[in-house]
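The two complexes that follow have subunit A in common; it is paired with subunit B in the first and with subunit C in the second.
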Partner chain A sequence: MGSLFRSEEMALCQLFLQSESAYTCVSELGELGLVQFRDLNPDVNAFQRKFVNEVRRCDEMERKLRYLEREIRKDGIPVLDTGENPEAPMPREMIDLEATFEKLENELKEVNSNAEALKRNYLELTELKHILKKTQVFFDEREGSLESGGQTSLTQNLLPEDSKGPIQLGFVAGVILRERIPAFERMLWRACRGNVFLRQAEINDPLEDPATGEQVYKSVFIIFFQGDQLKMRVKKICEGFRATMYPCPEAPADRREMAMGVKTRLDDLSTVLSQTQDHRHRVLVSAARNIRAWMMKVWKIKSIYHTLNMFNLDVIQNGLIAECWIPVANLEDVQLALRRGTEKSGSLPAILNRLSTHEAPPTFHRTNKFTKAFQALIDAYGVATYREINPAPYTIITFPFLFAIMFGDVGHGIIMALFGGWMVWREKPLSAKKTDNEIWNIFFGGRYIILLMGMFSMYTGLIYNDIFSKALNIFGTSWHGNYNESTLLTNKELTLDPGNKEQYDQYPYPFGLDPVWQIALNKINFYNSYKMKISIIFGIIHMLFGVILSVWNHRFFNKPMNIYCEFIPQIIFLTCLFGYLVLLVFHKWVWYGAGGADSVSPNCAPSILITFINMVLMKGYQPTPEGDPCSPYMYAGQFGFQRFLVCVGLICVPWMLIAKPFILHRNNKRKLMMSQANGGEGVIEEGGGEAAAAAATEEVHDMGEIMIHQGIHTIEYVLGSVSHTASYLRLWALSLAHAQLSEVLWQMVLRVGLTAGGTGGVGGVVTYFIFAAWASLTIAILVLMEGLSAFLHTLRLHWVEFQSKFYGGGGYAFVPFAFETILEHAETAVTE
Partner chain B sequence: MCVYVTNRGKGGRSSLPSSPLRPESTMAFCGYKFSLCLLLISCWGLVQLLLMGMLFYCETPAFLEDLPLTGPYENVGQYMNDVHHGFGTNALNCLIAACLYIITLGVSGWQFYLNQKTTYQV
Partner chain C sequence: MGADAVPIAVVTGFWAVVGIILPFILGKGPNKGVIQTVLVITAVTSWLFWLLCYLHQMNPLIGPQLHNTTILAIRYLWDGTLSLDDFNETTTTNTMETTTAAAI
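Moving on, here comes the complex of A and B:
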């Protein structure tokens, strides 16, 4: 039976695989994705497993592929994701793959190092070219100054007056990073005591640093000095500041020759460099075509070997033994997959044996893309016990509905539904786009939930008659004001009486709340009463439903005692007290109204809360005072009936507490007597006596445990029924908060724009800006924040109030060996 | 099938001087996300303000408190005059704002389209 009603039946199977076919069989099972393998070597170190070498080789291949991927991404080459799913290659193909990757890696490394060397060369030549260009200016100045012999030349000032003709100045030319120039200058000045002369000029174009590839700005400098000592000092300082020095000839003719030589060499180098880059690009493009398929193949091989490592070696038959959990409904598929695998490798067929075990199997729910999200919500709290009733199918409707009760607004519902609808409509392209933005992934994973929540919110918004805090008057309001002008002028507030046929049409608005309530001053009083009552009603229905679901669990696990000792008293207790409360609510709604007899007028309606409290406290009969048309009782015989209900409810408590332990105790005693009788007839009397004594102590232990367990269960249920019922009032509270927030936002933001008025089009422009602000705040506060809040509260209501009535949640999830999940996992790990 | 393309320029020849920017990338003054937000808000604003404009014109009592009314009134006639006048003004203002949102829709749609062309990835 495969359905969402309860989890699938699982079988523990033993697999005998021949050594040759093990790899292909596991590959086929991986494609199938329905088998969960158990680790039969849990104590074995990762480095001592059988296939550790293969895993290591796979790691190497992965490393090489990642290097290739990085280089491809660096060059900005698009990687085509054709969505193909290559099969895991055979082990002998692995060697071919390894060779290919090795070759590619080496080629790329060689190209890269060549390119780096060439770039370094290019950089040096470029710097030399700049130096030759800039120093031309310096030398011209120097020539000019020497010829003119003017005072303006700085070289002149450094020298003593009685110099002997043209001074032999040495110089050093080089290139340095622009940022370092001030410190460089200062260091030179201090170290050489101002006896050297630095001229510098900026290089306008940025140069590329060959190691990092980033563009840097440099400057050309030339330092003039006299003497060898200064020369050594200058050279040391230049080295310290990592300035590259170049030999620059003094004579202008030499410099021109050098410049031309440099130019030709630069041209040659740039040609070679561009050809190198082209070659690298070509290599990368050809690799980019296959790289995704290669990555997927390597991941698959690795996962297959990891799985093979979990198997036991069967030396006798030269095969591998595996233990796995398989859903019973899929045994045929697994057999087919195994057959395919053995056919591929051409060896003896694999044998699948079903084992029986007392171990708890994993819980497997067969979900599709729609139900997966709801199942995830349930599993987040606790995975269902094996073959327990699954709360997920009901959650599909109750979750959006309870959310919508708290979020009821047509406008916000439309926004949410449109967002969910867009995500569902564009499902395929959006899921193909793999981002590591976690928030987006969460929203996208819950797209069906969001769509349903939005649609249900539109419905409850129509019921509450609330669209962005305004009401829609579709069918015509039932209330009319008929006061004359003088009354209107003299009274600040007026009341419309529902008993007055001219003020109220005597039949209500056909669908939802009357639109007049949005503009009524006592709106909150009315909404409070209404919303609180429906919260309690829905809460009791939800909890009753939860208790009823437990019957299926009791029947399936063959525990009829639970039905008699737990389910029946639970239902009776809940119905007698809280079901009666709901009935009172409905009765009061129907029985009391305006425009009728005095005893059923609205001001005579007794408070349900007070009635309920008096009922539980067993207050005495309260007779109606004389001349008072109002009676504290809603119907005849209420007092007696309520007393009866309380008694029945009270009886249920000891019933829940004692019945089951008592019956268990009696059964144990009976078993003990029977085993004692058997033991007495048996050969070993002592053994029988001992066994009986052991069983007796065990039974005492069990009794204590059972009593405690039952006590906890009873108290939890009885107290829980009160507290959970009150807990459902959060449906009212959040709904009120949402409505008020919406109203406040409209009044504080949009109304400011609308009441600004203004002549001409000024009001329009103001409204334009204010609307943008109002819209942003609506989305941020009302849709996102309130939506998240309501989502959380609905989740809590489901997890605690609903599931505590029947859910065990003590299982563990079924995690099959599937390539799909492994590849997805590996992809997200890479993008992080 | 998903292809992601980035602006390649001259990726292989980074040692030579960089190429000039494509004209479209200078015309886009909004980023991808900002233009998308503007686009959505203008769609919403257009629809809602048109509706509100029509409703103000029809003088729905739900919008009674959103009118620009000034101070206490002497008599009912004056009050009603102001109410009618207020409805008319607000209807006009909403329609003007809706028109402004049409322009914003156009501009943000154009920006969004430009941003879409240069990069497909979000």
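Moving on, here comes the complex of A and C:
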């Protein structure tokens, strides 16, 4: 049997590593990914371990790389991902790496700080330039008004009328954030009592804030005032509003000169700035080429040191001792990897010893991309106990099948299968595209489940003859409405007679349900009886299968007692009661029908449900009434046979309950007698007696526990058989609900479009939109929501109804030390 | 009883090939056991699902209850035992409208 049927055999091994070769060996094992190390110093905290320094250095390197990556991302430089997987570098290379990262980081920091200083300078100059340009306008205005004299301008009004000649006004020029202007203006007005004059002009181009790199809009302002007191006040307000003030010469010639100077300096600065940017870009581009590989290397080194921290120090031989779980089938590979590791470092070979242990080994199922998702479904309930029967290989088919019983519709099945098929087909490109969209990841992880669920839904849909709530008449219906005209005109509803050869061909539709049922008025009656029966039949088969699987567990773990005291009564109980129910269903299908004798006519067919309830309640014999062709019994001797079955079933209950504790008790007693008989030799009489008494009390205690355990187990099974059988009726309920919902959607939505508009072209237009509504509702409600609900019910049927019959699920998963998974985790952490 | 040999033989034969013959002629591989399990369970469940449906219809206890218009539509569209000339002008138009409605 393949490893999927049972988990792999594991071996606990002890590993002696020379301290020189430990690093390379662990690195090789990490590449191999088949060894789970155990922490040998669980009480030592993380800061007291041997390689804590190295781990810290790795963290530091990681931090630097993160910084680099952030800078690269900020500049929008594409990171080259060649998909190569560099080996973990040797410990001595770590220093080189550190030096490289250190150099890069420093370089980058320096460039950044330079660039920032330059930018600040640049900003100041640009602002000054704008001030000179804008204030020129104000000054021009002023001079113009002074020259024309007669004109009254705002500036002139400020001057006192009786002054002799123009009074020298002081002014301050600066730049302020545009949104602060109104408050600034109000403040000036209030503080200076209207004795200052503010002019402002907007700078049209946004300026870059050197600290944050954001684009901000600013305005130039110039304030005229008189006197030193006002000047102080104005300056204070400017500072308070974070306005930057610039010296602005008064004389036009000076201003012009200054403007020229600013312009040349700006030109110089921009060339320097662009050179700095170029340099930064060059540094980042060269870093972007290697950053993936560097990251991987650092992650690998870090994980190796983490692993080495779990090892014990062997002081005498100057080596490290590790304990690990290894699949027995891979012992050879591990040995080879260790040899490669020691060769690389050129030291003494590592020694691998198998230890014998009573500890439960981890559970390891070797899965591939197809079986992985199904194994995940099982593991979500509980990881299998070491080496017990694994339900996953059976679930591969039973899961999509039970799902499809509830989701049976060809149309919805096709949609689902196409979606699953597309994900399987585009597997590689889609899996390369890593996203943290959780819903997508769930869908993509379950792509094979979705594909199979879709395909099985198509099959069950064909059997249900249901495609978007319509039927296909492929093979020709067996029912014909051969009524004459008058009957048709006078009767609104007519029921075809299965006994009439004119109306029923006397043989059924060959594949699936007859299409006539989809348009029949009494289709619910027909479907209910059909779907209820198949739900029960498949449910009981599923449970029987689960009980039978438990035999392999009992045989494997060498517990024959469990077979005789648990499995056999369990299966007899289930078949005597519920297996018989299935037989009754088959009997009724074959035996009763139209066109035969009176006693097997449709009118005489008894209800199976009533029959079964009467059987279990042990109701007395019911004689057939005089002159009535119908008998309440379906075959001769049914009453006696049913009595017998119920009795056998009832006997199984105490069998399950008592047999095992009784046998255990007897065995214990016998053992005790044996030990007492042998204990006399060479042991002091009294001491022996004490030991025996202690053993006896322990045994009594044990017996109580065993009794309780067995009682719970039995009650769970007996009651479970009833409730689980009923639980499988959800197959019927969900299937019916799905079909009804699909029909309602067609009747209420699409039909409106199809019947709209009469013969004109309007109907087409209406249908166009109605179809869109119908299609999106079909996807959203019928495929997605109903699919999810059917999925959850299927999951429950597997976890509870099926697995409770044999599955322990008390193990823990095998988590090997593998670079592959470590890198994957680290990468998702980075993208988040 | 109302069973027909041909469909039973065809469907049973098909699933027998899938569930019994295919697992034997399967090539060797690490996943052989799983593939065999998959094939057998597929064949058993699918065949049983078809069989139960067939059995349920083999001896029908009830017949379909249909609207008279639906019966006309069936005869016209599926059986072909009805032509439009069988009815006079007025009934035909009436029935045709309801017939199309029922067919939809």
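One rule holds for everything that comes next: the second predicted complex is superposed on the first by the 816 of 832 C-alpha atoms of A that agree within 3 Å, B and C clash if a C-alpha of one lies under 4 Å from a C-alpha of the other, contacts with A are read in each partner's own complex, and residues count from 1 in each chain.
The working rule: a contact is a pair of C-beta atoms (placed from the backbone, for glycine too) under 8 Å apart; a residue touches a chain by one contact, two chains touch by 3 or more.
What you see is a predicted model, and the numbers here were worked out from it, not measured in a lab.
S.K.: Does subunit B (first) or subunit C (second) touch A:Leu496, or do both, or does neither?
M.R.: Touch status of A:Leu496: second partner only.
S.K.: Quick check for you: in the superposed arrangement, does A:Leu583 touch first (subunit B), second (subunit C), both or neither?
M.R.: neither
S.K.: Pick one for A:Ile519: touches subunit B only (first), subunit C only (second), both, or neither.
M.R.: Both partners, subunit B and subunit C.
S.K.: Taking the superposition as given, does A:Leu355 touch the first partner, subunit B, the second, subunit C, both, or neither?
M.R.: Neither partner.
S.K.: By residue count, is subunit A touched more by subunit B or by subunit C?
M.R.: C
S.K.: Quick one: classify A:Arg751 as touching subunit B (first), subunit C (second), both or neither.
M.R.: A:Arg751: touches subunit B and subunit C.
S.K.: For A:Asn482, decide between first (touching subunit B), second (touching subunit C), both and neither.
M.R.: second
S.K.: With both complexes overlaid on chain A, does A:Ala471 touch subunit B (first), subunit C (second), both or neither?
M.R.: A:Ala471 sits against subunit B, while subunit C stays out of touch.
S.K.: Which partner chains sit in contact with A:Ala726 here, subunit B, subunit C, both or neither? Use first/second/both/neither.
M.R.: neither
S.K.: By the touch definition at the top of the document, which applies to A:Thr398: first (subunit B), second (subunit C), both, or neither?
M.R.: second
S.K.: Once the complexes are superposed, what residues of subunit A are shared between the subunit B interface and the subunit C interface?
M.R.: 473, 485, 488-489, 515, 519, 751, 754-755
S.K.: Residues of subunit C touching subunit A in their complex?
M.R.: These residues of subunit C touch subunit A: 1-4, 6-7, 10-11, 30-34, 37-38, 41-42, 45-46, 48-50, 52-68, 70-72, 74-75, 78-79, 81, 86-87, 91, 101-102, 104.
S.K.: Help me check something: in the complex, which residues belonging to subunit A touch subunit B?
M.R.: By the definition above, subunit A touches subunit B via 75-83, 119, 122, 205, 208, 213, 270, 273-274, 277-278, 280-281, 429, 432-433, 435, 470-471, 473, 485, 488-489, 515, 518-519, 747, 750-751, 754-758, 761, 763-768, 771-772, 775-776.
S.K.: Which residues of subunit A touch subunit C in the complex?
M.R.: That would be residues 1-2, 4-5, 368, 371, 393-394, 396-398, 401, 405, 459-460, 463, 473, 476-477, 479-483, 485, 488-489, 491-498, 503-504, 506-517, 519-523, 525-526, 529-530, 533-534, 537-538, 541, 586, 589-594, 602, 605, 751, 754-755 of subunit A.
S.K.: If we count contacts the way the header does, which residues on subunit B are in touch with subunit A in the complex?
M.R.: Subunit B reaches subunit A through residues 1-8, 11-17, 41, 44-45, 48-49, 60-69, 76, 86, 89-90, 92-97, 99-101, 121-122.
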